[in-house]
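Read through the structures below before going on.
One chain, chain A, links the two complexes that follow: it is found with chain B in the first and with chain C in the second.
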Partner chain A sequence: MRVARCAVLLAATAVVAWPGQGKAQGTSVPLDSATAAVIAPIIDQARAARLPVDLLYVKAREGQVRRVPLTAIESAVRALAQRLYAANEALAPNPSEQELRAAADAMKAGVPVETLRAMRKAGKDGSLAVPLGVLTELVVSGVPVEKASMQVVDLLNHGAVPKNFIALNERVQQDVLAGRRPEESLDLRLKGIFPTLPQPAQATGDGFIQSTTPKRPR
Partner chain B sequence: MREERDEMIDRIVDELKTLPAVPADATARVLARVDAARRGDGPGTSATDDDDVIYFPTNTEEMRAVQMPAGGSRVDGGLRRRFVVSLPAALGYALAATLAGFLIRGALPRKATAVAVAPSAPVGETSGVTTPLTRVAATKRDQQDAPVPVQFVLDAKRAASVAVVGDFNAWDATATPLVKDSVSGIWSGLVKVNPGRHVYAFLVNGREWTLDPRAPRTKDSDYGTEQSVMIVGLP
Partner chain C sequence: MSFAVFAGLACAETANAQWARQTTFDVGAMRLTRDDFADTGGITAAALWGRWSDRVSLIGSGAVTRIADGRATGVGLGSASYSVPIRHARIEAGGTGTILGTSNQGPTSSWLGFARVHWLGNRWGTWIGAGGGDVHVSATTFGAGTGELGTWLRRGDQRLTLNATTVRTSLVSTVIFSDETVLRVREPVQYADVALSGHGAWRRFEVDAAAITRHAWKGELASTPTGALSVAWWATPYVAVAGALGRQLSDPLRGTARTRYATVVLRFSAERHGPAPVVRPLPAVPAGEASLIAVPGGGGRTLVQVRAPGAARVDLMGDVTGWAPLALERRGDLWEVRLTMASGSHHVVVRLDGGAWVAPANLARIDDELGGRVGLIVIP
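Right after this comes the complex of A and B.
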């Protein structure tokens, strides 16, 4: 009978303990054995650093369903892991998984880690997932990374929240589809965003936005 | 007092003997318990730990076997055992199992702990303190990171099946199938997606990768493929 009790306890313990382990091992992302074997060392290192390894599994899965060579998958997963390490450090102390994913994407687009640190400082306790996503989209659309980074940090300094960034992105994308240059559109649309923020920037006589916070040196 | 108790026990034993469904073995066990009680032996002194075990027959053959034991052999070998535990003990087991489970998992959830990771900390080690400020931060961030319903739409009247695949569903073609509107022939589906920038595509008939004509496109530098892009968040 005591054996039965121990068995029940062990089973219950396993039920509590194992779901998280299964998810961490990416059971929700099925991979073929060859791909799983190739990325296993990268996954182990990332797990040891407490990074969200599901993101790495998803990247590998994408390559697998697109039928890209195994070497390309390994290279992509390794590069993503390195970006996650850097993002995790830049967005300390406790970045969310969405923030890390967004930061890794932004870094792939060319956003420097200094911008990530500045965004964390300016964004205070809010999520950076959307601001980072919009920054990435602006850069990918053709806005110079320095200018896009500076403006996004400036928006955060003025209390912008995710909905402000989404509105900005939608308007810029509409302008770009209409044939306007992305950089020019960003300047134009910021004039419509800043006055709506909790700490609005002041407009100068010539119609340009004059930020009330010091600009980060380029 | 002792005589009154013996009379009561005798009456109970007599009643038990008159009941046909009670196995003879059970009656003998009751009598054995009575004798043990008279001798002053507690139930916990039983070497077989029978105090939390009930033996009972599961069918008529077993019932018959119980009532007619053969050759003095133990008759409960083919019987089903039922585990009976008191409620406090069960709660104790559950609590112990839960705690042990969390210990095995290594820690509480990442966001709830809000432990600062020092940039210079070695791999696998954390340092720092939990403060009320970081707890509030985690709460606000959690609210802003809550999944948002997103509708995907594709005009593909001749398609037999359409699914959306992207980084939000691990590029799983079976995870998010779209449904065809019988009147318009338009495929659509609602998916909860975490806020942020996401890349995706439609998989038509299970093999044709199709970009969203309603969304901007981007080229993924890792795999060299084109994808549709969306920024998700509450407007």
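Right after this comes the complex of A and C.
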């Protein structure tokens, strides 16, 4: 009988080898008491609104580590909380923490709340964390916010998934580093993305994407 | 119940922590040989669930085996620990539990608590620890105590560990007399195992090797040096063929005997393994600047690579590290670290040779509202 015991123990212990080697490196820096006290009211309000307060703590920790004055930390945390409130409403009903973090970045870059609502509608139940992140990168890279917003929503309408957004973003960023105009690069690279989508759009010869999304009757 | 409460508290305390994951399922065949027993074969299935952060370690695993004569055995192992960092030291406390059952025998179990102190460097660590608890074998419960001392070295995906473990416990022998009187005899044993083990990963291959020797000063458990080797080849990022060959020493804490074994299994993983996909080349930058890419890679972790010509030290921090500086490891002309990064956007900055924190030159930058700018990366 012990033969069988050995066998299972062997199998079990073999797969738990090296557990400690996977441990993460780095240790979170605790907030000092002064910073914690300054942001406490903001945290309380955010918690009452069921927002992920970890994002606010992380922002405060960033300010503390970078030795920013307390007033600036409070201001930054308050501004982030306000964007989270707006994003939480726009991405209702149940945005994830990753979506809210990405949405807060997008809004900081100038993306309007209306775009977030349109993305939620187009993306249905899929996570918008990656599309929002890519939208932010496109905007801060120099693509006009209206154009970037419209194209990201259109990609979602055509069934684009995170890997499509990542691929698009990488190509645009490479083009920008190589000196191409961001807006021009986006037009060019969209031509390579749309044909691969579940509901492909048609690229015209003049650089515009002809959407095949059915229009909703008014 | 207590385990669940502990795990819940630990997770709540580390909501921002980095979590590494390992989730695998093995199914395959084995061949076993014992010195006083005929060879036997069987089929086996095993599963592992592991989660680690910088403070919490949670591991659960289980296996079932059915050998040629129809008998079956199941085992479950659980382990949980919590660590408190104090500068370069880390104090860890936790417990392990094992339950072993067979088709026609009562279960064997052990419950051990432990405490360890670790000293951690950039590529090395050492620890010392002690533990104790109860072992329940053949309807007899007795105590067990352990002590351990070890050190490890790491270079990229290659790791080497040397550790010594002392064990003080008992063996139980059962004698059944002709009048059916059952007598259980306890024999105290004390021994030390010294093990040298290594792990390496090269693209699709992963290799683990171990050599162990046992010295006993009470009881008859001494052993000549022995070893084991296991290899896995990841046919896809989530499926591998794995094999193992070697000898396992007896384990009085769990009631198992010395055994030679050979296994071949098909391994399924919930996390990606093997070579990381090349997303884009790391852009060249002039001396004094840095470029950065993040590549989703093996084990559910993301490989962050930084090019910083001329730098003797590179640190990284961002939301993913809780804004704690993290020293990167040099590999050739690049600097690397593996992090668990959630899907979506993240903020990072780097520091070269202890200078100012700056956004990597190749990343899109966003105002951090704190008077600076941070690099933006998007993880799929």
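Criterion: the second predicted complex is superposed on the first by the 180 of 218 C-alpha atoms of A that agree within 3 Å, B and C clash if a C-alpha of one lies under 4 Å from a C-alpha of the other, contacts with A are read in each partner's own complex, and residues count from 1 in each chain.
The definition used in the following text is that a residue touches a chain if its C-beta (ideal position, glycine included) is under 8 Å from a C-beta of that chain, and two chains touch if they have at least 3 such contacts.
No experiment lies behind these values; they were computed from the predicted model shown.
Contacts of A:N169 after superposition on the shared chain: both chain B and chain C are touched. In the overlay built on the shared chain, the residue A:G63 is in contact with chain B and with chain C.
Of the two partner chains, chain B is the only one that A:G126 touches; chain C does not reach it. Looking at the shared chain after the overlay, A:H158 reaches neither chain B nor chain C. In the superposition on chain A, contact of A:R83 is made with neither chain B nor chain C.
In the superposition on chain A, A:R189 makes contact with neither chain B nor chain C.
In the superposition on chain A, contact is made by A:A48 with chain B only, not with chain C. Shared contact residues on chain A (touching chain B in one structure, chain C in the other): 1-2, 4-5, 8-9, 12-17, 20-21, 28-29, 57-59, 61-66, 68, 72, 75-76, 79-80, 98-99, 101-102, 105, 108, 127, 129-130, 132-134, 136-137, 140-141, 162-163, 165-166, 169-170, 173. Contact residues of chain A toward chain C in the complex are 1-29, 54, 57-59, 61-66, 68, 72-73, 75-76, 79-80, 97-99, 101-102, 105, 108-109, 127, 129-130, 132-134, 136-137, 140-141, 162-163, 165-166, 169-170, 173-174, 177.
Contact residues of chain A toward chain B in the complex are 1-2, 4-5, 8-9, 12-17, 20-21, 28-30, 45, 48-50, 57-59, 61-66, 68, 72, 75-76, 79-80, 88-89, 92-94, 96, 98-99, 101-102, 105, 108, 124-127, 129-130, 132-134, 136-137, 140-141, 161-163, 165-167, 169-170, 173.
Residues of chain C that touch chain A in their complex: 15-20, 22, 24, 26, 30, 32, 34, 37, 40, 42, 44, 46-48, 50, 52-55, 57, 59, 61-65, 67, 71-77, 79, 85, 100, 102, 104-105, 108, 152, 154, 159, 161, 197, 199, 208, 230, 244, 248, 251, 254-257, 259, 261, 263, 279-280, 283, 299, 317, 319, 321-326, 337, 339-340, 342-345, 347, 357, 362, 364-372, 376, 378-380. Residues 49, 52-53, 83, 93-94, 96-98, 100-102, 104-105, 110-111, 114-119, 123-124, 126, 128, 133-134, 136-138, 140-142, 144-145, 165, 167, 170-173, 194-198, 209, 216, 218, 221-225, 229, 231-235 of chain B are the ones that touch chain A when the two sit in their complex.
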